[in-house]
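Letters are used for the chains, namely A, B, C and D, taken in the order the chains are written, and counting of residues starts over at 1 for each.
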Amino acid sequence: MAGSTFGTHFKVTTWGESHGKGIGVVVDGCPAGLPLAASDIQGYLDRRKPGQSRFSTQRKEDDAVEILSGVFEGKSTGTPISLMVQNKDQRSRDYGDIASYYRPGHADYTFDMKYGFRDYRGGGRSSGRETIGRVAGGAIACKLLKTLGISFLTYARAIGPVSIQSSPEELLHGDLAGIQQQILSNPLYMPEEAPAVQAQDFLASCMERQDSAGGVVECMITGVPAGIGEPVFDKLDANLAKAIFSIGAVKGFEIGDGFATAASTGRSNNDALGSKDGRAAFLSNHAGGILGGISNGAPIVFRAAIKPTPSISATQQTVNTSGDPVEISIRGRHDPIIVPRAVVVVESMAALTLLDLMIGHMASRASSLEQFYRDVR
Amino acid sequence: MAGSTFGTHFKVTTWGESHGKGIGVVVDGCPAGLPLAASDIQGYLDRRKPGQSRFSTQRKEDDAVEILSGVFEGKSTGTPISLMVQNKDQRSRDYGDIASYYRPGHADYTFDMKYGFRDYRGGGRSSGRETIGRVAGGAIACKLLKTLGISFLTYARAIGPVSIQSSPEELLHGDLAGIQQQILSNPLYMPEEAPAVQAQDFLASCMERQDSAGGVVECMITGVPAGIGEPVFDKLDANLAKAIFSIGAVKGFEIGDGFATAASTGRSNNDALGSKDGRAAFLSNHAGGILGGISNGAPIVFRAAIKPTPSISATQQTVNTSGDPVEISIRGRHDPIIVPRAVVVVESMAALTLLDLMIGHMASRASSLEQFYRDVR
Amino acid sequence: MAGSTFGTHFKVTTWGESHGKGIGVVVDGCPAGLPLAASDIQGYLDRRKPGQSRFSTQRKEDDAVEILSGVFEGKSTGTPISLMVQNKDQRSRDYGDIASYYRPGHADYTFDMKYGFRDYRGGGRSSGRETIGRVAGGAIACKLLKTLGISFLTYARAIGPVSIQSSPEELLHGDLAGIQQQILSNPLYMPEEAPAVQAQDFLASCMERQDSAGGVVECMITGVPAGIGEPVFDKLDANLAKAIFSIGAVKGFEIGDGFATAASTGRSNNDALGSKDGRAAFLSNHAGGILGGISNGAPIVFRAAIKPTPSISATQQTVNTSGDPVEISIRGRHDPIIVPRAVVVVESMAALTLLDLMIGHMASRASSLEQFYRDVR
Amino acid sequence: MAGSTFGTHFKVTTWGESHGKGIGVVVDGCPAGLPLAASDIQGYLDRRKPGQSRFSTQRKEDDAVEILSGVFEGKSTGTPISLMVQNKDQRSRDYGDIASYYRPGHADYTFDMKYGFRDYRGGGRSSGRETIGRVAGGAIACKLLKTLGISFLTYARAIGPVSIQSSPEELLHGDLAGIQQQILSNPLYMPEEAPAVQAQDFLASCMERQDSAGGVVECMITGVPAGIGEPVFDKLDANLAKAIFSIGAVKGFEIGDGFATAASTGRSNNDALGSKDGRAAFLSNHAGGILGGISNGAPIVFRAAIKPTPSISATQQTVNTSGDPVEISIRGRHDPIIVPRAVVVVESMAALTLLDLMIGHMASRASSLEQFYRDVR
């Protein structure tokens, strides 16, 4: 079945595999008149580009994006925006062996079971390179959301066992520009200096042991007006959960206090309301900005758990495609951790989800429809 | 926007609110020829029916389901199956006050922000009664999945701070019939006796303190063949995440080792493959049965964190619809915990998700299509 | 597969069969705050109700609609509106024989081929009663469109070989109130008196010969602003074509000059533009109000060809379900023509299609999105 | 809103405009294992390539297709197939003037009304070049349908007032190989020699008069098993109607006897059933192969009316973007008729529609699902 399209109103369709000619995305439903240049997108792609630190695969790709359609005289036309990045550094020889066996923790076995065979070069469609299309589309969503007053702060909360100390609330009330700079100043995208250093040590020791690590990405979205999301299946948090869980390697998702709410009680978990600048405002944010699937005006806060990279050079036990047990050691160029590169992917998927629901929200009231068509005439 | 439909192939559309005439669901895309009677569905609805223990709202509803269409001579016809449950015990007077203020932890404020007003009786569409439609649809999905060899084991892993001791693996290798019986023998649907008793004590003390509790629901699905799920956006885990997160009160979702994988490493988190009965088989199940978004043949294991019921009779601070601070104490008939009643809702949403992707998987190979149409002629 | 839902933004899901408990529709995506009562819908249903003239089946149904959800204190709440009509006069005995053979022109054979069996009572889901859900949903769409300044004029252009004389243009420039009254004053919904009389004579002679007749329904929509429809697959005319062709018995659809354009030339078929009230305006309307799939501000004009009712009491040749040739004569209560009753169905489907695209159009420009969210804050 | 995706199971998303970098399509949901090469697709694109006769635009494009993803070792992988054709001969200077006024019969005015501005070069997204993506996707659908025993015969039934003489039935019972050859032997794709010659004379005289012509495309699909299509909104004929009407310039669509059924009667329009090779078979085909929206095993026969090319060099009256009346004469390279080039577009859209519903049909019976998953294990 088809499964490469995400979104209802602002829709992205991604294509491409690790060692094919390139990776791309078609963005359909982008409103007309948004100023847009390749450089708007390139900045986001650069955040996930490989080879930028010793904690990332050494594959050399500049991941330069090309706009193939949908932009005229510097503005989106309202028709599909087709974006493409060419694959440059495909060293398929690294993957010759992989054809014959199933790598633990990878999708090799499941692809074979599903399709009867697979493009074994670099993971084919299950490669992390597939996320290029998401980030390219997400960059456009972010640009549009920015014009609506919405900002993202996304970073690594934890790398393996090393975690930052500040709560989301503390970060939000801190010096946001400084935090943003701190995030970009270390290869792990952590918003605090000490854990960032400690985490790098931890990663170095993982690599020595031919091992890999996981972590937690946290995302905070500010400026979202109350009312976004639909009350039943298309809840804002439900759609975010799908969006984030559709990123390979994500094994957990939680919003606000998340799993901690299970051991909490109503008295401490409920967010009381007060009045601020003549409007209702929540006095705490255990809910993470969403009630009944609909944004409540408070910052949206969620976390994703990301598993350790399955590609490790340590010896592993598996079977070959004939079902015989074999021992393997994965060579090639792999990330010892994908958390830092996943940060911008998480942000992109969140932006796509939010924008999609914000467009959908425009018709929630008959009066909005009447107002719009009165203005049109 | 529309948001009351779930699924692509096996599609449910739910309708109804707490104090309207009833609650219903239209199940579209159910294959023809499935034997189906109201009693097949009633059993599932009874598992979420209110008033069955002192830990559940005392609202009296028999929640008797009626099949309005789509079944002829005891079998599904292939056309939409319309199911309805009438609301019987609507005591709207309990909710008179609610119109004027926003209950903390509820969707009152967000509905008003979205739609400009709301059906304030019993939460309207954001009421837990909305899940009746999901469970009715899920019951049909479960019946069909059973014919495909698939079983569910769903229960409360934790009630507040009280958790069961066995791991999912241990439960799966235990006496399943006995566990199933243990689950049904206590009002909290816990699969171990001691924590079930301890949790009831904990809940009783919560109620005394005019407080409420949360917990964790765990679901295990066995018999799922490898190959189910789509590799990019419609990953089996992504669709499960959305399905489960679309249930009100869910604040976290994780699969397999979930959040624990973040602090794990590749060496310990990867599931090695071996050979069993001449087939590849995984020697452990940290992944929870899914790799690259596609089932790998191992049991699917996931958990949902459920927040404490927001309705508590303790005094709370909030604002009224004019924005003035008020103190409230919620009367009426409320569940001190919704975890036990959520168990069957979680199972239903998982069944809907899985069946939808299993139907979609039928066309994954050109050879399947050719085989099907060869057989048809 | 599922196929009982129509629309993307304003979505209807219909259910029910001829001799089941009832027929219904769930309308999802209706904006909140629309004043709505059962009487708004009943008026539309009455236009398709059986037994209103000798040219319609004598089945006795009052087709009284009940609103089951989604309306509170007289206004739509933004959540699903569930509507139901109970079947009252199910004389299944009329259909006992039908189980054993395939009626020519009906869907008996194709349902059996698709599903392996069928609900043979009155055509089951392929009965004309299925359109009750469409009309009930269409009534709501019409009410909302009216607040946006949009009106419909729908009528029988031809009954068998008898056609009205005026062109759509002439009707539009005539006395609309008088025409509307003329349409409602004859059982065939024709806008001119002489052909209406002549057509009734023709139908009477058909009935005497145990035969049935077809015709052409024409629909004109005025007040549609320019800009509605999407340029590629979701063209306004493409979506209308699907909507109208999804009504049983429709065998042709054309817009503007339709099939006549095939023999026309560019010089005569192009509509020149001029200026009217300081705006561009088309000086003719060969296009039927749509260019490149998008409304151009002129009235939308389309026609549907409707085949003769397949149920005739004359002897017909067919086969039974074992494949043996049999001769049959269809008894029971049948319409000698369905064109008059199809008029309101055509209008309803057109309304659903148009409203859906009008909601979608709200986000066509980035500036609209910005304006909306500026107003919200 | 998004509107560039067609299909539910076999899904195409097209992108690109006349004078951008290229035109493309992403085909998602193609089953794995289909042998596929660029040459399979190129043959279809060549049938719509410009400049192949004097009755087609003289723009020089080789329209060479490139497969960017989704094919590995000569077979589809089950993941998205991305196809692209580069634009080579973009002479934008031809279109400088067009920016300032609205061409009659084109989408210039409606695009401006919708989006606030437009890519005026060659019609931008409303250009006929947009159909390249449809044909590329359709070629893949046709290849898959061929393995299922399904064939297409598509041709021009009429060019302006010149029509072929044979009925669809006569053509189907004729020498199909000879007819196929006759179609390809004349630049108008007509299946009879005399009208093809006459039509060329007619077109030559149109061109002399600076005028353009329309026509009728007819398509016959053989080998479709009974049972394809869904009974309510996703009727096979409804989806075909949308598919064909989504092609620019189509103004009418009819199936089987189409508009002629309106003046027919039940006695003559019903297709009687008989027995053939031990199976039920229809003795005539007024229905065009579809009953109740579901294929009945007889050939599917439909027609599309195509309007005259709106671009003519004769002087025309219109307004400029400021609303002032102007007289224009359209220069540049235009087709005096698009019917011949539309033939393969109609066939492609029909193939996409049919394949989509054939995939959907696989799950119509519970027994099929059970059989499939029994085979899988």
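The working rule: a contact is a pair of C-beta atoms (placed from the backbone, for glycine too) under 8 Å apart; a residue touches a chain by one contact, two chains touch by 3 or more.
Note that the structure is a prediction, hence the values are computed from the model and not measured.
Asks: Touching subunit A and subunit C alike: which chains?
Replies: Where subunit A and subunit C share a partner, that partner set is B, D.
Asks: Would the interface of subunit A with subunit D count as same or different, where same needs over half of all numbers used to appear in both copies?
Replies: Same; most numbers are used by both subunit A and subunit D.
Asks: Relative to subunit C, which chain has the most distant C-alpha mean position?
Replies: Measuring from the centre of subunit C, the most distant chain centre belongs to A.
Asks: Once the Cα atoms of subunit B and subunit C are superposed, what angle does the rotation have, between 0 and 180 degrees and to the nearest 5?
Replies: Rounded to 5 degrees, the superposing rotation is 180 degrees.
Asks: When the C-alpha atoms of subunit A and subunit D are each averaged to a single point, how far apart are the two points in Å?
Replies: 38
Asks: How many Å are there between the centre of subunit A and the centre of subunit B, using C-alpha atoms for each centre?
Replies: 26
Asks: If I count partner chains per residue in subunit D, which residues reach a count of at least 2?
Replies: In subunit D, the residues touching two or more other chains are 1-5, 8-9, 14, 29, 32-33, 78-79, 114-116, 125, 225, 227, 231-232, 359-360, 363-365, 367.
Asks: Given the complex with subunit D, which residues does subunit B contribute to the contact?
Replies: It is residues 8-9, 29, 31-34, 76, 78-79, 144, 147-149, 225, 227, 231-232, 358-360, 362-370, 372-373, 376-377 of subunit B that touch subunit D.
Asks: Can you tell me which positions in subunit D touch subunit C when the two form their complex?
Replies: It is residues 1-6, 8-9, 14, 102, 104-107, 109-111, 113-116, 125-126, 130, 158, 160-161, 206, 209-216, 225-235, 237-246, 248, 250-267, 269-275, 278-280, 283, 287-288, 290-297, 305-312, 314, 316-319, 323-325, 357, 360-361, 363-365, 367 of subunit D that touch subunit C.
Asks: Quick check: in the complex, which residue numbers of subunit A touch subunit D?
Replies: Residue positions touching the partner: 1-5, 7-11, 13-17, 20-24, 26, 28-29, 32-33, 66, 68-70, 72, 75, 77-82, 84, 114-119, 124-125, 359.
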